[in-house]
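Heads up, there are several structures right after this.
Same chain, two partners: chain A is paired with chain B first, then with chain C.
The block that comes next holds the complex of A and B.
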């Protein structure tokens, strides 16, 4: 994989890294034919984020060199990736071009920043080859949708204390959209500060939700995507369902799109208003006052591409081993790695209860795109 | 001015007297070398040199020449004492380190001799503070024997070009590797940290490069923890001269313009890291 980013897009890329860093400690870099994807998931797997930069975003973009059938993919430490783009002000002021190169032969992800005055910064980042990180979600399945300019939402959450971890978003009477600070059950209401912001329906470009619908999610991750959307001047879509089901935040542009999937807090009283999905109800009521963090796991799946495209896997394994590959126990020839990853990543509880046609197209679609 | 009228006749008992209209011209320079508590002060009629050392491998010198002071009297050939730099800086900035615009703190500094404290009179807006700081037994400072005739490579850069680089140094790397060469990469700063290596290259024809005199390719490693404090000097300076001698010793000289447009120098010397193992690819 090789790509070249120029001008203001370097800052956009940097901003995306900053916003992803609010979520996970590892960054998954997946070059695909339809663009470069940056993904991350948080440690408790209650939040997943993904940016896809279209080939047109780049001055030059090559997912794989012709002899390589499949583009390499890797994960790097978020901290080390972020160190390249740490100062957004400097990126804007001094960096003219950014070149990112990843090849299976080299054991490093190479990021080069060409700055003013002829100065070149080269970062050789250690990476790990890895599976594709996938979350299975479908915004179209969510009955509720809010769409508003990022600026409106940024202003709406600005008054909330930075220490506040969760916020409740709901549609109240008169179709007003309300952001309210969420207090843990054990907090003393007399001491806590409650903040509530109420927005009129006119502020939204689209509001498709009935009164009473409400979800509670993490503010930090939300702010991360908001600040990206604001700098890119894009509207934000919020797709959501009943409490306990993940909320999907999306932004879209001709050059890039972003998806953040955040777990929402399940509340039994709200949950009972609508019929729960099979297999969902019992599980979510078990976590009354906690994130149904396990739930989102079941929406995520690691795609073992070496199995999906078995024919291609064979010539890859005997190729000169990089140190990462040696360190990775799952490339031992003859071991079927699929099971290990599935179980290691996600105990897929819910997947079988979904209509079987649903997860499969996602899997297929993705591997087609890479093939 | 209250300071100048103060014991005019008492000057004789002091072997060092120095007065300054704006104390920041002294305190800012001292901050550039403030990475250890203790400093050695060495005054001659030419001015004051303040030295701070670390781990017998690093030495920082701040030169405040006599011309910076409005009054500078040294009665003996040289005056030497050791002092707690942290305390000295606290006293010098006792009226605040960022004064209101248009105000400045005046200083009169007196030292009577061996065994006596260093006495500071600080005045701002008619308020006078007197500080007495105990001086300590002077200790020998390191002699790096860095001689300009042994210099192999020398580069003068605009500080602006190095500031970001030093601010973003990967501190998980144990060393900072400096390559200077008449060939490509000309001038390269490398770190080898947990997340991989990074190289910063400056071409010799860069606008930032004020002078480029490299005779032979040299690659040396310096403990990053020792060099990191020099960021303070870099932040204040407008130009920096980077030199290495035939032993790989490093000299960093920072040209610092004070608020009155006068020029002072701060210098860092550093020994190369002995353990030159095979470098990463």
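The block that comes next holds the complex of A and C.
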């Protein structure tokens, strides 16, 4: 894979790296015929993000050489990739061209920044060959849609404290769109400040949701995409469904598109009506719940597919994981953990009767993915 | 108990925001006392605060376009609330270009001071931001804990130099020592001193002037060149100098020799008093 980015697009690429870095610790690079895809998933697999830069975004773009060959895929540490694009101001001021090359022979992802005055900075990043990272989601399946200029959404979440982790977005009476701080159950309500922002429907380009619809999701990741969308001056689409189903945030342009898939909190009362897992009744201790909510298997949103070189252990869940659109949205997600984010991974076939994973196997499962 | 107030004027709003920012820099939690004419932010001298106390008083008429309150009882027409000023300051930060700001006492999941902000929007109807700040209602039997501190019988009273200058001096001193000796006399001279094993630094301020009452109140036989001094925690002093955002028209300090330093900042209808005890 080899590509060349010039001018203002270097900054756009950098900005995308910044927004991905809010989610995951590893960056997956997947050169494809229809563009270069940058993806990441967070440690608990409740958030997935993906940018696709079309070939036209680049001055030159070659996914694979020879063209018929399977393009290489790799993942690099987010930290090292981000360090290349750390200062956006400097990128804009000094960098004229950015060349990204991935050759399996040299086992390095080489990023070259060609700056003013003939200065060239070369970064050799170690990478790991890996499977394709796919989340299974389909915006078309979401009944609700909210579309607004990024600026409006940026201002809508501005009043919330940076420390706040989750926010509830809903449509309230008079079709006003409301953002409200979400307090975790263990926080003392008598100590925490509650903030609510309400905007008129008129400020949105599209609002397809009835009154009462509401979802709760992570604010940090959302802010990450918003800052990208704002700098690119693009409108943002929020596709959502009932609480517990993932919300899909998308931006689109002729040169790039971005998808962020974030888990949403399932409603507690809804949750209690569902069959509880053994030992996970309503009376289970908070301690146990904490472990249960770390249970990766049951709400995995994205998995690595197309096993490469057999180096990767097969995913534990035998599931139809391969292609993005292969999802069966009607499959009920595996038993949701109480309280916390439910599965984003529609394809999960985890049997409801399967005992909850003990914390230890879960930890093992996580590190397995690291190879 | 009822309380409702409204600010429309941007200047008043900014002023009130600055006062609340100042308070939030000086105290983690404080008491907000509401009376028909005035608001008070009070920090009483608990050991947990390092013996520091604060008394900030503002006339409501200078800030609010509407101000309605009903106290606990007709003969005790006041409300005492325990508040985290940081929350108030954060809430007001979102109100920077507000059309109106309403502050009221509400009973939601707990007693709250609700700050409702109407912001301009791109459409015909405004954006509304509400912040519910949890507060504790302080029962009447505890009100006596929050009485106005008596002005100490000071040895020297003196006007302070420009606070910014003083701040930059103290900021640098803080890197060297944990304590600073503040001393002043009735000739308009003030010194800030730090001493360590290695170095001794003194910054001298001259011609600061003494308030007219200084010479009357101070002991008659006091030599005007005689310094009154107090050794205080340098962090507390810096917190006060760096945290204040009221841009006072008058700033002065009273020193009770080896006991306490009492700072007073005055700005129009706001007065802020801050007490730092001397270390032995």
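Convention: the second predicted complex is superposed on the first by the 267 of 371 C-alpha atoms of A that agree within 3 Å, B and C clash if a C-alpha of one lies under 4 Å from a C-alpha of the other, contacts with A are read in each partner's own complex, and residues count from 1 in each chain.
Throughout what follows, a residue touches a chain if its C-beta (ideal position, glycine included) is under 8 Å from a C-beta of that chain, and two chains touch if they have at least 3 such contacts.
These numbers were taken from a predicted model, which means no experiment stands behind them.
Visitor: After the chain A overlay, clash or fit between chain B and chain C?
Guide: Taken together on chain A, chain C would clash with chain B, as the superposition shows.
Visitor: May I ask you to decide whether A:125 touches chain B, chain C, both, or neither, giving the answer as first, second, both or neither?
Guide: Only chain B; A:125 stays clear of chain C.
Visitor: If you stack the two complexes on chain A, which partner ends up touching A:205: first (chain B), second (chain C), both, or neither?
Guide: neither
Visitor: Regarding the shared-chain residue A:44, is it in contact with chain B (first), chain C (second), both, or neither?
Guide: neither
Visitor: By the touch definition at the top of the document, which applies to A:165: first (chain B), second (chain C), both, or neither?
Guide: Touch status of A:165: no partner.
Visitor: Check whether A:34 is in contact with chain B, with chain C, with both or with neither, and answer first, second, both or neither.
Guide: A:34 contacts neither chain B nor chain C.
Visitor: Check whether A:152 is in contact with chain B, with chain C, with both or with neither, and answer first, second, both or neither.
Guide: A:152 contacts chain C only, not chain B.
Visitor: Let me test your reading of the model: by the given contact rule, A:193 touches which partner, first (chain B), second (chain C), both or neither?
Guide: After superposition on chain A, A:193 lies in contact with chain C alone.
Visitor: So which bit of chain C gets in the way of chain B here: 5-13, 113-121, 203-211 or 221-229?
Guide: It is 203-211.
Visitor: Going by the contact definition given at the top, which residues of chain A touch chain B in one complex and chain C in the other?
Guide: After superposing on chain A, no chain A residue contacts both chain B and chain C.
Visitor: Taking the complex as given, what residues does chain C use to touch chain A?
Guide: 84, 87, 90-91, 94, 108-110, 112, 121-134, 136
Visitor: With touch defined as at the start, can you tell me which chain B residues reach chain A in the complex?
Guide: Interface residues on the chain B side: 161, 164, 168, 170, 193-203, 205-208.
Visitor: For a test of understanding, state which residues of chain A touch chain B in their complex under the given definition.
Guide: Of all residues in chain A, those touching chain B are 76-77, 79-80, 83, 86-87, 90, 94, 108-109, 117-126.
Visitor: Spell out the residues on chain A that touch chain C in their complex, using ranges where they run on.
Guide: Listed in rising order, the residues are 152, 155-156, 158-159, 161, 189-200, 202-203.
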